[in-house]
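Data first, discussion second: the structure below is written as structure tokens.
By written order: A, B, C, D and E. Residues from 1 in each chain.
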């Protein structure tokens, strides 16, 4: 089966406020899916629901089901879910530790041996193109890196635990053009190994990298289709308005 | 003379770090000039130098000269310079006072009479298109406004002291598409009265509103020309890379 | 009966700890502190006194709180000894099983003023009636007492109402008349005397012992013509006096007995006398 | 170590956190309950109104009289006085720290302010006795230097560090956020102080003052040492007694279970209640009126 | 035009600053100058002596006693406050429970220390029939500083960027690991300074131990179950009974020195850790 994640009748609300209404979608394995939509439509909430992060919020209530590799994630242990479904946030979140310790952080938790850790860290740093840039300063504080480097570090860090899916919430919005392109390249490079779901405000970006695009509005999925289709010839009027409004 | 501001051999460094090297440019009156360039190239520093805000930073040292209406601003009183050359920042910074008090703030300093203040405030609020939206809640805290309104309030506030030049440092980067378009419209509306210099990361934005565009890299001005020219046919290879990189 | 059990258990606990504690009168506290510290330093461990006793360090604690607290601590079994510097009322005695008291000496409450106060030159003696008027607040200025004195406010210094001295003073001098509320309340005799030493217009009922310790810095007045002297206090001519007591409940154990014997020995009496009080023997 | 062990630790850890939290919360709740219970024993023999509004405190005489109005007023008077003195000075200091001093000087001063907050109250009382009280007696020839004024002055020195700490933080935040903006409008530093900082930190000042007031009300030893402890209605230049002073002075001697004992508990309860009202007002105001960030 | 305009504010500001500095210098100067002569090696390491006790000799038992009281208080408060703040911030999801706990803590924070002392005396000493001791006094002090520590810990935890915690969770790492490997390393400086300030508070407090743990005289304590002398109480007695002004100055100075040392500890610790 080529679907890695199936969202069924998902509803999320904060207190009385309905943020996601009845979402039914399926994500394809080893593809990049972009989620677009105006601010506040629930994109971040949706991502957080996919790896159960939403459950840490005391105000949120979640209904519906999410099937990951034919298992319901709501019945799985949260830690396992999150290990399988990694996430990277809008603002780079390097821990205030050294670069190496950042990379080691989750590996230690999973009891990976020192030698194995070293290997994995090098591999992931190479994968994200960071290795050459920072190989001499692995013991420097990760906070000293530039914004783009920090974000790539966060992606590399998320990959250390070998997730199958990587969720990214506007990973480039705090970065400049060059760094953005770096990250985009990185994502297309790694999609052979991972399934990627990325939220972005930057429509050209979605167009550049995504295989499929999902347009949300007010907590509902309006349209979900091939990227080319969405951008060239959206079926829904609202999608059209959103996409062309931006260039207008 | 149609140049309102001339920058001559400007060099700025923080401690030993050279941030701006030998800048020589002239800004045209009643035009919108966009400054673009990758993160950290010195755009914000350049803007701050133009209204002497950089002088408040004890680590900064400034060489060279800036001629404003054929007078050197470094020899003018700082407060006067700043009154003539207003500035708006990346994140909206309404003071935690009422909307009206925000607008009144600088006027009081200049000893404008209460009646006159009232007139000016209404005028500027109308100019920025805020008046109709908030005329009934002038005594409400400015922090209660939405992000876009806050930013327009900041522009209106900067205009109360009748500057000749308005500097804007990525004024839309914290805003969504709709608010961004609002502000862009506002800027093109007021350029008959003011000279506008705007830093932006958003290249389409520069293209939409700027008459001239200045591309900076590593503290140097690489290219400064008509916007159309820069975007369609830049002379410098680096400019080309930067601009097309984004659309690549 | 259960309570008895609890009480003996309590006692045992104290014994196991071998720490002995005194609580109560702030007048007596310095005397007992001095005595017990000497005692502990002299013998160090109990077996030095008697080889049959345990080889444990001698530990004795003294805490204040006032005579009321002393009685109370015995009623509740909170300490081994209560220090009381007033007569123990029958009502209180009834609450203590096997009440026992050891008299260390007698103290008197002298009516004391600052040496800067001319009163002792002007008046030979002060009468009980005048005292009542002063302490009830009827006389506000010194010249109301005697026109030769300056028109300056009388500053009353008393103990807090929990102190034994206050009870004695109320009973022996004031009777039914209430002590004014416009008084400085001192938490202990030392504090009361310190106040009088500092303030020229102050008057208060200072402990005979503490006055003796501060000879010259504070002047005791004659009351109804009787001077507070050792003889007058023993003979009972000076009326405002009070006993200094150590009280216990039930049978005292071996260690407690050794300590009490020491306190009431000649050595103990010497300290009582040295502190300015009139020793029992 | 591996994930299994961490899982187990997590369960144990969460369990212990819950146990300790329940323990502390129960303990604290019990304290409140205990104080209330011990106080209400008194109110079986005398009404709470009479206790609060009558002015004679003779719990050991027969018949007893227990009224603590003078002490309540004394406590309030001294605390208000100290607030009136310390508030303007504290705000002044906060502005002094942020506007006049350099960054490193400011840091140094903050350390000093924290130091002042840490000085034990007995030491303050000692100093007050030897300096303030002495000054009143020798230089101003009061009949006793111990007075409400002395206590108010001493207390104001003691709470200034607390108020400064709160205000300074707020002033600093305002400066961090708005200094550039304000300067870009071409106004002077002092204009900013007058029209931006003062109005914006008003809320912080208000909240700090409520906290400071609470501290002042509860202060025991220092006040007790310089106020004279006379259970009479307070006058600025006269003596008075505060509730904490009353308790500290008489608790040791009060017979457990007596009217005197319960009376002291009840006065502690009244003090607690006043503080509770103040804190409730604090939360209410913060929730409903303080919507801005500083 | 504006140089004269805000003259009043300028004067007021400068005066407040100078006034404060004057008071600081006066207090510290007064105690240091007067106390320095009383302090000697023997004053620190000897028992009080003389007649009445305290006129001569030193204050060693009081120093040790105060340190013991403070340690007991800090340990008690640290365990409970750490647990409570961790629980509230990371484990409890029910907002109502959270605000109930905060409400209780706020109320306790508002209780004057003397009333806590009163509680300790009535409950621990009278009802539970415990003897007054370092342990009982320390616990009452601990209850007093508990809210202080808890509030600061909680604030420090809440100030940790939510994103970091979410990032940690989203790698499949559990709370315990997150707390100990990320949150604590970030917060330890704030926590240390909270602890040392709370220790200061406990060290300087008299009212809570007046009836629950401190005595006029006791030798250097041998166990937690014996009562002890405490510096602030000793100072109070020296002053109020007018026993010895000279030794009172000395004691006050020792208290101030301990304060300085305890305030310096976190600074030294961070320097030793080699961070800014």
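Following the convention adopted for this analysis, contacts are C-beta pairs under 8 Å (C-beta built on N, C-alpha and C of every residue); 3 or more make two chains touch, one makes a residue touch a chain.
Please read these numbers as outputs of a predicted model, since none were measured by experiment.
Engineer: What shortest step count links chain A and chain C in the network of chain contacts?
Structural biologist: Minimum step count, chain A to chain C: 2.
Engineer: Which chains lie in contact with each of chain A and chain E?
Structural biologist: Chains that touch both chain A and chain E, as defined above, are D.
Engineer: Averaging each chain's C-alpha atoms to get its centre, pick out the one most distant from chain A.
Structural biologist: Farthest by centroid: C.
Engineer: Give the chain pair that accounts for the most C-beta pairs in contact.
Structural biologist: Chains joined by the most C-beta contact pairs: D-E.
Engineer: Where the CA atoms of chain C average out and where those of chain E average out, how many Å apart are those spots?
Structural biologist: 35
Engineer: How many angstrom between the C-alpha centroids of chain E and chain B?
Structural biologist: 51
Engineer: Could you work out how far the Cα centre of chain B sits from that of chain D, in whole Å?
Structural biologist: The mean C-alpha positions of chain B and chain D differ by 48 Å.
Engineer: Would you mind listing the residues of chain E that make contact with two or more other chains?
Structural biologist: Each of 2, 126, 174, 177, 211, 240 in chain E touches at least two other chains.
Engineer: Quick check: what residues of chain D touch more than one other chain, meaning two or more?
Structural biologist: Answer for chain D, listing residues that touch two or more other chains: 6-7, 188, 191, 248, 252, 256.
Engineer: Which chain A residues touch at least two other chains?
Structural biologist: 79, 108-110, in rising order.
Engineer: Going by the touch definition at the top, which pairs of chains touch each other?
Structural biologist: Listed by label, chains in contact pair as A-B, A-D, A-E, B-D, C-D, C-E, D-E.
Engineer: How about chain D: which of its residues touch chain C in the complex?
Structural biologist: By the definition above, chain D touches chain C via 56-61, 70, 137, 143-144, 146, 228-232, 239, 241, 248-250, 252-256, 260.
Engineer: Which part of chain D faces chain A closely enough to touch in the complex?
Structural biologist: That would be residues 1-7 of chain D.
Engineer: Given the complex with chain A, which residues does chain E contribute to the contact?
Structural biologist: On the chain E side, the touching residues are 93-95, 161, 163-164, 166-174, 177, 181-182, 185-186.
Engineer: Using the touch definition from the top, list the residues of chain C that touch chain D in their complex.
Structural biologist: 64-69, 71-72, 76, 152-153, 155, 160-163, 167, 170, 178, 181-187, 198-199, 201-202
Engineer: Per the contact definition, I'd like the list of chain B residues that touch chain D in the complex.
Structural biologist: 51, 53, 56, 78-84, 86-87, 89, 93, 95-97, 101, 105-106, 108-109, 141, 143-144, 154, 157-158, 161
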